[in-house]
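What follows is a set of structures to go through.
Each of the two complexes below includes chain A, the first together with chain B, the second together with chain C.
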Partner chain A sequence: MVEIQIKNVTKKYGKKTALNNINIGIPTGIFGLLGSNGAGKTTLMKCLVGLLKYEGQIEILKAGIKQNGTIKIGYLPQRFMLFKQLTVKEALEYVAVLKKVNNKDEIDRIIDKVNLAQERNKKVKDLSGGMLRRLGIAQALIGNPGILVIDEPTVGLDPKERVRIRNLLSGLGDEMIVIISTHIVEDLDAIAKHVAILKEGNIIEQGSVRDLLSKLHGKVGTLTIKREELQKYESGYSVSSVSNVDDSLLIRIIGDKLPENSKLEAPKLEDVYFYYNGVGND
Partner chain B sequence: MIYFLHYSIYDGVTNLTLSGYVLQILILGAIIISYQSFVQEHIQGYEELLKVIGRRYICNTAKLLANCIFMTLINALILIIVLIYAFYQGQPKWIIYESVIYIILYYYICSIISIVMGASIASLVKNKFGYGVLIFIGICIGPLGKGVCEVILTMLGIDSLSDLINLINIGQYDIREGFNFLYGFEIESGRFIHRGIYLLSILSVFYIIEGFRDKREKLKCITTVALAVLVLLPLLNMTRYPRYIYKPGVIGNDAKSVHDYMLYLNCKPSYKRAGFTISKIKAEVDTTKALEVKGDFFIEFTEDTKEVNLTLYPDFIIKEVSLDGNALPYVQKGDNITITLPGLKKKQEKICLRIEYKGLSSNYFFCGEKAVLLPAYFNWLPFPGGTTSMYMENSLIKTSPLYIDTPVSYDIDVKSNKKVASNLSIEANHIVGTSKYGISLISGYLYHIEKDREYFYTKDIPVEKMQIYTQKLSEYINLVEKDLGIEQSEINKVFFVPFKEEYLATMDTNYVVNSMKIGDVLYTSSYPDTTRLKDEHFVYEAIACLFNSNMDFVAQDLETKTKMVSAYIDCFITRNNINTEFSNKKPEDVEYWIERCKELSW
Partner chain C sequence: MISNYRKLEIKLMGSVFIVPIIMLCIVVIVGFLSVNSDNAEYIAYSTMENIIPLFAGWWGIFGMYEFLEAEGGEIMLTYGLNTFSLGIKKNLYYLAVYIVLAVISSAVVMQMVMRHVFLDMIVQIIFQSLYFSAFAFAAMVLVRNSGWSVFILVSYFIVAFFTNGQGLWIFNIYLFKQGFGFDEYLLLICSKCFVFAVLFYILGNKLIKRC
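After this line comes the complex of A and B, so read on.
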């Protein structure tokens, strides 16, 4: 069920069109916005949270999100920081004051939820990148927002921290609409129910992950080739990955037409991304 | 900052007014601190986040308050330091009180204005040019910038913009002067109004910018604009309070505006004898906010005439001239007023003219030379005759003295917030008496003591010192009077009050004239300390006293006056064998100039 309807949204920066007539229906759960750098993901996020003016309409259909004329949105921008000299708890208390949240237990609950209990008295400036992102998610959760907008949550994090963030977001998807923009497809692969792929300000595909994956059935295959054959395959097909297998290479190919001797594989979200966005765009 | 503060006030907290550097540091410090705190969101990257969370008004207001609290603490520190110095120096209570008010007006409110200014700049400029803008604006609105800007504007030939510089300036008018022992600091209520409007305007600007940046909150935006319009309205009304802004000419003649310079450029001192005498002046004088006079002038004509020529200080605005309740036409040009009478008035006919006028704000009235309304040098009451009393000399506006050759009976009621004194007797602010030297009106922080004579003084002077000084000066005055053949008169009243020496005759010596004796009243801006108790000092003062009281002498041109005084000083010192360290450039033909001195109507 669509809870947020984005209708004909266009955003221009001078002559440059950042978003071109975007139409997306966002249901409850985790929604992924995929696209290469400069595709318009952050612009769309900013339009969603009201930071930018745009042409078109963004309708919030979900009940209970609007309160006193304002929409309860939790937002984690791409560049996140809070007052460095405050501790984690103080920083969250500060945000709680701004959001008019008086329940101090909620802050403790959120700190536990994002797994920052041990760092609650640590100063913001002393947090690692991953902790800082979790703090970012924590501040976004204050006030029990109906919508969580998270821009590039895992950029620059180590694999362990990325998994931790992913798991955290996965849990949140059951409670609210979580919109995640990223160019790291792995982040969404396991957790997103719906995605939209943006390219140069246009939506090139959208839908449920299941539907998108089913569309790619029979279009993803792997093939073991000799090293000297790689160039030939790369020029003829869309090779999404190459890995070493003994003296040979194992390549993953995406396309409507696959080499005859290739072995069909179950498609992944990354394949969907490459299929629509093209290999080598990111 | 504390170093500059100490440097300014270590020999007297009255020198707070000289502490332009302290204020400039406060302004720059406050503006930079505020800017820093407001661009932190941008620099550290949580500006977007706070925008989405909303309630930026609360967030910004909290920051403003936090910065204000910080600057309050800094100002409290300054206040404590000043109070310690003041108590240590044994300053009178009124100086301590005024120092506190001064710190509130010039330091504290200016710090708060700077805080809001920094926040406003942060709202507009967040890039690397921000600090350049901060420093430029910080200097422009500070006491140092005023001088720099005025010089630049003069060099560029756009003096008209100096009014704007004065409007935006929140520092002292002049960091080289300001405190006056009669008047105190420049802390009239109007300056508070100016700073208050300034603060509200800047605050409005800040919230307007923030309101428009927050596009979602239309209602708040509209409210802000509405509030801003309400607050900015008084700004448009600012022209009604020019005297509370640092308008050139507010203090002292040397700061007269270009307009005034042009007015007096071609003036030469002259005196046109009036065809009438003023026998009595009965007036109500209000000095609480401005010098306001409502007076009845009893006139007796000495020849047939159709008009009355009077001389009045040019900054007064005449509100009404009437005869028996009927308004009379008049023309006010410079310091001359020509009143057209309803018909020809015959010799010996008497009339009573009602004249009401107002001018000179309290700070102007009490400051510098205006602090002492010397009877001959400042025509705050109309003098008979068309006299050009204001003229230019060496790029300075000078005042030529006026004198009345017939005694006038005065009946003056003075309304003043401060103590009032006069050359005539005064009781409960009511001056009554007759004088052929005019009337002086002195008001401000005055002390009064009677001990063989009446002493009025401003600084905390021990009466013994005043007695010794007056006695010794009196002896030398008697000597010079005897030498010149002047009828000797005892000094009955002494005013140790500040007035500008340049109003007195210039002598070609390194010596500064500080005293003036008119009738039985001695005015001196000398402080009777031990360095002043040398014979040569009293010789110069005594000669200056008498020469400057001689209207024939003062009416001479500068070169003549210089030669006459220098010749007389040389002659007197040689004759009385007085040791002197002062250099006196005597003229070549001393005897001729001595003769000229004797020819004056002593």
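After this line comes the complex of A and C, so read on.
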């Protein structure tokens, strides 16, 4: 069931069109917005949370997320370095006051939820990158928003912290609409139910992950090739990975018609992204 | 909860919060040390005019650091707050607190030096502080950098100080008088401070909304 309807949204910066007539239906759960850098993901996120003016309409259909006429949306931008002088707990208390949330227990609950209990008295400026992202998610959760909008949640984090953030977001997806924008496909691979792929301000594909994967059945394969053949395959297919096998190369290719000697593989979300977006566009 | 909020706001500013308080203490100390001087009245007047208004915008600048300068400050607009409450309202709150402290400090200095509190000086300080507070607000909104905002304010002061106000053209709000007392020039400067302060606040409020 669609809970947020984005209708004909266009955003221009001067003559440059950052978003071109975007139409997306966002259901409950985790929704992924995929695209390379500069595709328009952050602009769309900012339109969603009300930080940018735009042409078109964004309708919030989900019930129970309005308070005094204001839609409760939690937002974490890509760059977050606020409240450096405060401790984790103080920072969240400050946010709670700004959001007019008086429930002190909520802060403790959120601190536990984002796994920052041990750091609650640590100054924000002393937190690691991953802890800072978790604090960012915590500030977004204060006030119990029905929608969480998170821009590039795992950029610059180590693998362990990335998994931790992914698991945290996965859990939140059961409680609210979580919209994640990223160019790192693995961030969404296991957790997103629906995705939209943005390219140069346009939606090039959208739907449930299951449907998108099923569309790629028979279009993803691997094959072993000689090194000198790589260029030939790159010009004919999307080559999503290349690995060395003895003197040869094992490549994973995506295309409407695969070579006969290729071995069919089950498609992954990364293949969907490469199929629609092209490998060479990042 | 409100007092806790202010406490956290002050903590957010860090060590820079104390600077205006130190400067007001310096004004009082200079007044105290000049009590027996032949030029006591002139020293007291100059110190008050040169120091007190200049620091009126300090808390306004650093109070907006999180919103305007720190990375991710725009999220505050998703908290249900508007640019007015994050900008002008906050700036005026700090100005009001500063004016109370400034009036007390200058009253102490005048009482020490002249055994009398001159109302004209109080009025002058209030209007000049209003001007600087609005000027600081507009500067911070324009450059979105606390360091550069302070630089702009200090540059303004330095030009005024070394050119006796003439280098600032119509933007001069200093009197550089030798003593106290109401006169037409004071009324003109106060009017100018008020008009420019309103213009700075309008300009700043317009700029703060840009996305």
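One rule holds in what follows: the second predicted complex is superposed on the first by the 282 of 282 C-alpha atoms of A that agree within 3 Å, B and C clash if a C-alpha of one lies under 4 Å from a C-alpha of the other, contacts with A are read in each partner's own complex, and residues count from 1 in each chain.
Heads up, the rule we're going with is that a residue touches a chain if its C-beta (ideal position, glycine included) is under 8 Å from a C-beta of that chain, and two chains touch if they have at least 3 such contacts.
Just so you know, these numbers come straight off a predicted model, no measurement behind them.
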{"item": "Simultaneous placement of chain C and chain B on chain A, clash or fit", "value": "clash"}
{"item": "Which of chain B and chain C A:98 touches, first, second, both or neither", "value": "both"}
{"item": "Partner chain in contact with A:49 - chain B first, chain C second, else both or neither", "value": "both"}
{"item": "Per-residue touch tally on chain A - higher for chain B or for chain C", "value": "C"}
{"item": "Chain B and chain C contact sites that coincide on chain A, given as residue numbers", "value": "46, 49-51, 53, 70, 73, 75-77, 79-84, 95, 98-100, 139"}
{"item": "Of chain B, residues touching chain A in the complex", "value": "40, 44-46, 48-55, 58-59, 215-216"}
{"item": "Residue ranges of chain C in contact with chain A within the complex", "value": "1-2, 4-5, 8-9, 11-14, 66, 70-81, 211"}
{"item": "Chain B-facing residues of chain A, complex", "value": "46, 49-51, 53, 70, 73, 75-77, 79-84, 95, 98-100, 139"}
{"item": "Touching residues (chain side chain A, partner chain C) in the complex", "value": "46, 49-53, 67-68, 70, 73-77, 79-86, 90, 93-95, 97-100, 102, 136, 139-140, 143"}
